[in-house]
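Next, two complexes with subunit A in common: one pairs it with subunit B, the other with subunit C.
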Partner chain A sequence: MWVPSLRLVRLHLASRRAGLALVAIGAVALVIVLPIPRSGGMLGALVPLVVAMGAAAVVGAATASPIGEVERVTGRPLPALRGAAVLLMFGTAIALLAAAAAGRAPAGGSLPLLRACTGLTGITLLTAVAAGPQRSWTLPLAYTILCGHAIERSWRSLWFWPIRAGHDAPAATVAIALLLAGLLAIAVRGTRVSVRS
Partner chain B sequence: MIGLLRLELRRNITPFLLPTLAILLWLSPYGRSLTGTAVWTRRGEALQETLLGLGPAMAGAAAWTASRENRARTRELLATTARGGWSRTLPGWAATALWGLALLAAATGVLYGLTARAATWGGPPWWPVAATCAALLAFCSAGHAIGALLPGRFVAPLTAIGTFLLVVVAGALKTADASLGLVSPVGQVTDPYRALYYRAGHDLPVVELIFAAGVIALPLGLLALRGGAGGPLVRPAGIVLTAAGTAVAGTGLWLAGTGHIVANQGIATIPRLESRGDGRPIAYTPACDRTPIQVCVHPAVKARLGAAVAALHPVTDRLAGLPGVPTTIDQRMVDGPSIRGSVLLLPAPFEAYDTRGRIRGRVAREMRADTAAGLLLGAWDGTGSARQAAVLAVLVAAGDPPDGADLPIRDTPGPAVLAAARRLAALPQPAWHQWFAAHLSALRADRLTLKDLP
Partner chain C sequence: MNVETSGLTRSFRRRKAVAGVDLALGAGVYGLLGPNGAGKTSLLRVLGTVIPPSSGELRLLGRDPAGHAERREIRRRLGYLPQDLGYYAGFTVVEFVEYIALLKEMPRQRVPRAVAAAVEDVGLGDRARSKLRTLSGGMLRRVGIAQAIVNEPELLLLDEPTAGLDPEQRVQFRGLMRRMGERATVIVSTHLVEDVGAACDRVGLMSDGRLVFTGTPDELSARGAGTGVGDAPLERGYSAVLAEIRT
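Right, the complex of A and B next:
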């Protein structure tokens, strides 16, 4: 089995701007501790979801390769590198969000926040594979807005798993399944490389 | 310049987002308002709510467009061309803004076109359209400046999400009665139905417009202050735009800060922008049916009159002809029911107006309970057991479940009240009429006890 050298891992992470991504995720996580009103109905309830989506969007944007096709053609087998990079960033995002939620827990506790980040990262990765990392934020953003309308209309269908109760097992299953699907897709296929972008 | 704009329009990312944005529009309050009654004021507010999805997406698209020079590593190459940085970047902003405005124009055209065909009262409110367009331009402007000043791979998603967060927070502030949130076009605090009964001013859209105008100018001005922005006139223009944008946006915030919100009553005003006559009742001729107990509604919801009459029929049919019972139900913007002569003034059931087709389920049961209590007692504050039993009896006779969940009166009725209500409801029609005719005055005066009921 091919094991990438530490130097290769470091270079791969540098090409994905992992350092900047972690700073961005940290900044997004800080929003949780800000004194934002949570009593503003649907909009107040949306804040934790937007934060989770923000962290997921950064993970998605960080999957972009600056050398695109050249990397695919000349590079060593990339799935392990891509998977490891995404896992590292996702893990950091979860840790930072959990730390922020420990400071000021969102309504409903920190579990829904972490679950939302998990599932939305999956959606972001799948969008990055299908439409490119530059556009990977569009679908999660649209889905988050839909969840806002679902909150407003008290929909509790599994289609809107991020807004279900914290200990809801089916919602957690969906979130984990989405993440695994996204991880698998990004590791095996990588992100879509567009000449125009 | 036109050639550059054409090029930018062709290369813009926004068309890629249009299908997603169209789906979002349909599932947002915009789409929902189309399924409800065609009321101009309601549709105008729904248009503004589209910015919750449209605004962040356009900000992200603008940031993406503006960061292109850096992404493609052509900044130095383009710096050698005759055009300055500012005139090179403005067509990109204009292209994103034009795509956004085109989508908004199409959405407004569909919304207002369908409303014009179905509305029975009033005319199109243009202030919300102006405020929405200005806010969209502001989103594009801010996103473009962020993309140009902080280019990078994270700029588009972070701009979109940051903008979304700002919109959500501003809307949450607004709905949490914080007056500074009034600059946000998202977050409904005013009741669109209130504007049918009381003259609504344009203070809210005006303050949103002022703030948006400032936000449009400020980022564009900042872009003109960058090095290599252009000729000798660009920098002074940038200073003027930045100063004017800051002043105008600050004025908007200050004006919003002087506003008052009473969210639970659907009222928000900015005293300094109020015009004379705002808040005065609007005269109208109600639309009424011709049943024994007439039901009257505002002409704007005339289309729902038939459904309202059908939903109330089991109750009005049961109480029609009883001496002392009002012969007209006028659904208006009032706090509670009151009887004036032969007219019962009843709070208009706006939730029922928002539905389509027959009014059924909880909404219909609540309407019947409110009407029964209003017709019998002229009030909803009846806590007396006999009063509760009498209202419940009417509802049971009308075919509603014998529980007090839908009753507008205080306290949950106990088993004795429910049993009395069932006994009263089971009376034959002539005995029922006779009993109510004899006891209605005593019932209204709360002089009866459960023992007085048959």
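Right, the complex of A and C next:
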């Protein structure tokens, strides 16, 4: 089985500005610590969703390759490296959000926050594959706004899985499925690059 | 043959950028000339497995790039310099070339020596530890050439490699192309006919996605005798062939 060298992993992460992305994810997680009312109400329900979307957007932005074509026409390592880089970012986001939410989460606990981060990261990655990393935040943002309307109108359909109860198994399944789909797509296809004729 | 194409086309929406190209190339340096928009870059991108052909037959290094495993093998043995080289500005010259070498699955123990050799070959030995953000346009072009040759490719595709190089560097680069062409197929797209005259064994002239001339540089020069416009024999041949197909 082929295993990438640590040197290659380090260079790949550097090319994705992984250090900067991890700092940005940390900054997003800090929003959880801010003294914003969290129990009940529209704002209390929206804050975790917006924070999760912010972390997902950073993960999506970090999928951009500054190297482009030269990198794409190389061999076997690239899909594994792309997948590993995203997993590192996502894992860090989950860990930092969980740490920031400990003791500060609303009644549902930190599960809805982590679930939203999981699913929205999946949507972000799928958008990066389809529309490019620069636009990867657009669909998650639109979906978050839609979820805001759903909170207002007390909709609880599975289409709005992020706003369902913390221990809702179908909502968790959707979130994990989205993440896996996004991870697979980003590893196999990479992000969309503009094709000049 | 390292490159074999038959009826190769590549379309972007309704426009055919490559409109039926037949090629059979072994070792040597092949110059690709043509006006802007003739389809040179699109042809190189198809040959570089960046984009698939729309139709026609294509074999690279004896393999069909449509198959995943075969495409992977081709890419390991390919060197490619695109017209616009993307790079991470925080990399040093050595880091960038090393990254591409490792991605091309070169044996790890061979990488440091191969990287040093490629960087020396393009005359950047004294800037090996410089960050890419500190380099001039010509130096970045040479970094692009270094990453393309680091794996000692059997098929080397260079799109406008001498753009931004000064005359001395261009002379040095022509020598490098000739050396590479002794054992590999080198295809170089350029607007500089003097590069073609000095370094290429064969030359193709593209217009509107088609190869309208294939032959030696001398044969192209001969086409312009007494009719073509230009200061040098190759330029006259170039303009004469283009004038001929436009009438």
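The rule is short, and it goes like this: the second predicted complex is superposed on the first by the 181 of 197 C-alpha atoms of A that agree within 3 Å, B and C clash if a C-alpha of one lies under 4 Å from a C-alpha of the other, contacts with A are read in each partner's own complex, and residues count from 1 in each chain.
Note that a residue touches a chain if its C-beta (ideal position, glycine included) is under 8 Å from a C-beta of that chain, and two chains touch if they have at least 3 such contacts.
Note that this is a predicted model, so its numbers are computed, not measured.
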Should A:Ala29 be classified as contacting the first partner (subunit B), the second (subunit C), both, or neither? neither
Contact breadth on subunit A, by residue count: subunit C or subunit B: B
According to the stated criteria, A:Ala101 is in contact with first (subunit B), second (subunit C), both, or neither; which is it? neither
Is A:Leu78 contacted by the first partner subunit B, the second partner subunit C, both or neither? second
Looking at A:Leu11, would you say it contacts subunit B, subunit C, both, or neither? Reply first, second, both or neither. second
For A:Ala21 in the superposed arrangement: first (subunit B), second (subunit C), both or neither? first
Which partner does A:Leu113 contact after superposing on A: first (subunit B), second (subunit C), both, neither? neither
Shared subunit A contacts, counted only where both subunit B and subunit C touch the same residue: 17, 196-197
What residues on subunit A touch subunit B, complex-wise? 17, 20-21, 24, 28, 31, 36-41, 43-44, 46-47, 50-51, 53-54, 57-58, 60-62, 64, 133-139, 141-142, 144-146, 148-149, 196-197
Subunit B to subunit A touching residues, read off their complex: 11, 13, 16-17, 20, 23-24, 27-29, 52-53, 56-57, 60, 64, 71, 152-154, 156-158, 160-162, 164-165, 168-169, 171-176, 178, 186-187
Can you tell me which positions in subunit A touch subunit C when the two form their complex? 2, 4-5, 7-8, 11-12, 14-15, 17, 65-78, 195-197
So, in the complex, the side of subunit C touching subunit A is made of residues 12, 15, 17, 41-42, 45, 48-51, 72, 75-76, 78, 80-82, 84-91, 95, 98-100, 102-105, 108, 144, 147-148
